[in-house]
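In structure tokens below, several structures.
In what follows, subunit A forms one complex with subunit B and a second complex with subunit C.
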Partner chain A sequence: MQIQTVKMVITGPFNSGKTAFVQSISEIDVVSTERAISTEAERIKSQTTVAMDFGRITVDDDLVLYLFGTPGQRRFDFMWEILSQGMLGFVVMVDSTRPETFREAKSILETFRAYAPTPYVVAANKQDLPDAWSVEDLRVALRLDPEIKMLPCVATDRESVKAVLLELLYSILEEMEEELYE
Partner chain B sequence: MKGNLRDFSPTQLLSLISLAKKTGTLRVERSKGEAKLSFKNGKLIYAAIGDADGSLASVLARAGRITEAQASQLARHALRTGDKQLGLLLIQKGYVSQADIIHSFKRHGVASINYFAGWKEGWFEFFPDQGPDDARITVPLDLENLIIQIARIQKRDEQLEEEIPSLDVALKFSNRPNVKLSDLQLNRDEWQVLHYIKPENTIRMIARKLNMSDRQIRRAVGSLREAGLVELAHARRREKLTVEEKKQKRALVGRLIEHIQNIGAE
Partner chain C sequence: MPSIVTPQGVVHYEAAGTGPPIILIHGWTQAWNTWRSTMETFQNQYRIYAPDLWGFGESEKEHYTVPHFIELIPQLMDALGIERVPIMGHSMGGTTALGVALKYPERVQKVAVVGSPVNGNSLSFFLKLAGRRSVASFMLAGKNAPMLRLFLKLWSPFVSRQNPKLFYEMTVKNAEGFTTESFFSSIDSLRRTNLTAELHNINVPVMAVYGLNDVIVNPNQIELFEKHLPHSTRVRIRDAGHFVMWDQPTEFNHAFRLFMSL
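Showing the complex of A and B:
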């Protein structure tokens, strides 16, 4: 029997929680390509993803969902277009506690939209932290249209990650329904 | 001091000349034109760049003080007398004041530096202690603030390139503009761009129509986005699926939803 594979991409700025997101839901230990941070300005954490994170969710014998987390540092953006090919949809992670990364998040979102016209959702991560911006404030800061789905998220919490992925899948279905009426 | 602007940018070069208070002439040659910028103690005193040769006639014409026809006449006169003598004559005859001349030259200096800052390539060489022709009028212009201003603009342009990575997308009016159209204080470029916002027009097409450079159109679109007026409208190039493929895809997404809903419930 041939196994069908589908792909979703988790993207966002440096330290927005992409690796944690994939780790929370993947049934395998995430194949991560982390390296020690080399740039002084980016020493918020000790390691960062340099190629991609790779997680897997086996639906049944013939369907597997792969989750790819993109590298967060801009100097690895040559990987993005490759990772975006053939994806079902994508999630843009935003660190709700770091407004200095909001502009970068918007830029990444626009880049991925340009690569592929697939549905996407924006996850306002780290909502459990006291200084997190609210989803409503983040929407204004990122200048997102009301129709773009933006969800509160805690990437280390599996239920929260499930909610984000489900919302993305609902968006895919909704888009297919819309096509029926076009 | 010589090299290529690809390796040492105009802003870096100007900053070095200003900080080191250098005196001399910087000559730059590239396929699309050349520049000759003279400095005294780090200040710009003379600029000939592209079509603007830094002569009195050219500077006054560009400042709108005289017509092109008058400029040609004065340029012929200057060949005999030199710019300094010609300037004195114009002041004596009451055509222009000394302040007009100084103001026009400073304006020319700022415009020249702004233009030069945008050059991406070109061979340059700095000739120490070499100045412009003695007959030329020199007006000193401080570069420090100008360089800071240029650096800010360049940083903003870099940010805009990240925010609008592709010009092959259309624009659409935002659903929730933060400002009233009647209150808007837009510049000419921004108004023109607004006029051409249609689903079938990409940003690149609008730029071509309005004869704008990539940088110009990004600045205009960037301002309109900052004001909450427009959004990028990416073309929905959806994959063309057959009825059967659509059915399969819906079933597949349905299976994914069901599975993810049940994760952790077992």
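Showing the complex of A and C:
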């Protein structure tokens, strides 16, 4: 039996919650490449992804969705283009509590758009924290057009992750419709 | 597997039970088996007929718009020798049932809708998108339609909190029965259907059943019955989505009994 695979990429700045997002929904233990943080400035968490997170959702015996979480740090960005190949769409995670990372999030979004003009959604993560920026404030801060889909997200909550992935699929279908009129 | 032949093509249907007849009509992407548990529950009391609409299940796949479905029902009744009958429809099947009651009032004893659009505008965003050939072709492309299945898998917990697996498995199974054409043409015609202005012309008993968590058809459609058919029976079911009969079978069966007593 031939197994069909579909691939989606989860990207975003350092510490935005990509690994948590993939871990929440993957049915296998995520194959992650976490390493201890080596730079003093980035020691806000103990470990970070250096190659990728790899998660899997089996739809049926012959159909599998793979989620690839990218490393957040710029010095591992050689992985980004490799991971973006053949993706159906991508999610840009933003840590809603850390405005100093918003510029980086926007830059990553634009980098991935340049790799492949596939549909994407922006997930405003950590909405459960008290100092999280609202989705609308984030939209203004990131200078995102109103037609770009932004969703509130709590990456540790499976239901929230499902809602983001479903919205990404909606965007993919919408793009199919738009192509008809181009 | 009984079937009848009409000028528009073969109509397959399933029948069960003995007693006064009732016709049950399935919704978009589904088939007669939507009603399997309902048929099992009520076969001691009624003769229950559940056709596959054209374009779905084992029926012919050449005519598949709501106006075609409305013509299918009296033709099925003619073939079965039924003069007048209660009709219940789920989703698109309910809109069809209302259409039959409006166009052939003499054939319909009473009518019930379950999670049905009266105004096609109440369909969720995905169903509107699915009315496009390009979207349908993409979703149904490839062996066993991987994009459709991926979508259904991610969507299923939102559609049916109680039975996501049942919704997923039934829809994937019933996908064998439709084509790209019947998939998008039927839902596109449903989206363009609006019976709001005609609703008040229905003179037989009407029941409207909606699951309050329905994410496929906006359950606010029940308000149209309240407004235009104030004498209709309206049932709002909590903790149920679009597939009320699967999500809350006890409540649904209660509504079914109430309908048959109207």
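Throughout what follows, the second predicted complex is superposed on the first by the 182 of 182 C-alpha atoms of A that agree within 3 Å, B and C clash if a C-alpha of one lies under 4 Å from a C-alpha of the other, contacts with A are read in each partner's own complex, and residues count from 1 in each chain.
The rule we apply is simple: contacts are C-beta pairs under 8 Å (C-beta built on N, C-alpha and C of every residue); 3 or more make two chains touch, one makes a residue touch a chain.
On a predicted model such as this, the values are computed, not experimentally measured, just so you know.
Per the definitions stated earlier, placing subunit B and subunit C onto a shared subunit A by superposition produces a clash between them. When the shared chain is aligned, no partner comes close enough to touch A:Glu81: not subunit B, not subunit C.
When both complexes are overlaid on chain A, the residue A:Arg103 reaches subunit B alone and has no touch with subunit C.
Looking at the shared chain after the overlay, A:Asp145 reaches subunit B, while subunit C stays out of its contact range.
In the superposition on chain A, the chain among subunit B and subunit C reaching more residues of subunit A is B. When the two structures are aligned on the shared chain, A:Glu174 is found in touch with subunit C, with no touch to subunit B. Once the two complexes are overlaid on the shared chain, A:Glu136 sits clear of subunit B and of subunit C alike.
Shared-chain residue A:Pro117: touches subunit B; no touch with subunit C.
On subunit A, the patch touched by subunit B and the patch touched by subunit C overlap at residues 4, 6, 57, 59-60, 63, 65, 159, 162, 165-166, 169-170, 173, 176, 179. Interface of subunit C with subunit A (complex): residues 125-126, 129-130, 132-135, 138-139, 142-144, 146-147, 149-151, 153-155, 157-158, 172. Of all residues in subunit A, only 4, 6, 25, 57, 59-60, 63, 65, 88, 103-104, 106-107, 110-111, 113-114, 117, 143, 145-147, 158-159, 162, 165-166, 169-170, 172-173, 175-176, 179 touch subunit B in the complex they form.
Residue ranges of subunit B in contact with subunit A, taken from their complex: 159, 162-166, 168-169, 174-176, 225, 228, 231-232, 234-238, 246, 249-250, 252-257, 259-261, 263-264. If you check the complex, the residues on subunit A that touch subunit C are 2, 4, 6, 57, 59-60, 62-63, 65, 159, 162-163, 165-166, 169-170, 173-174, 176-177, 179-180.
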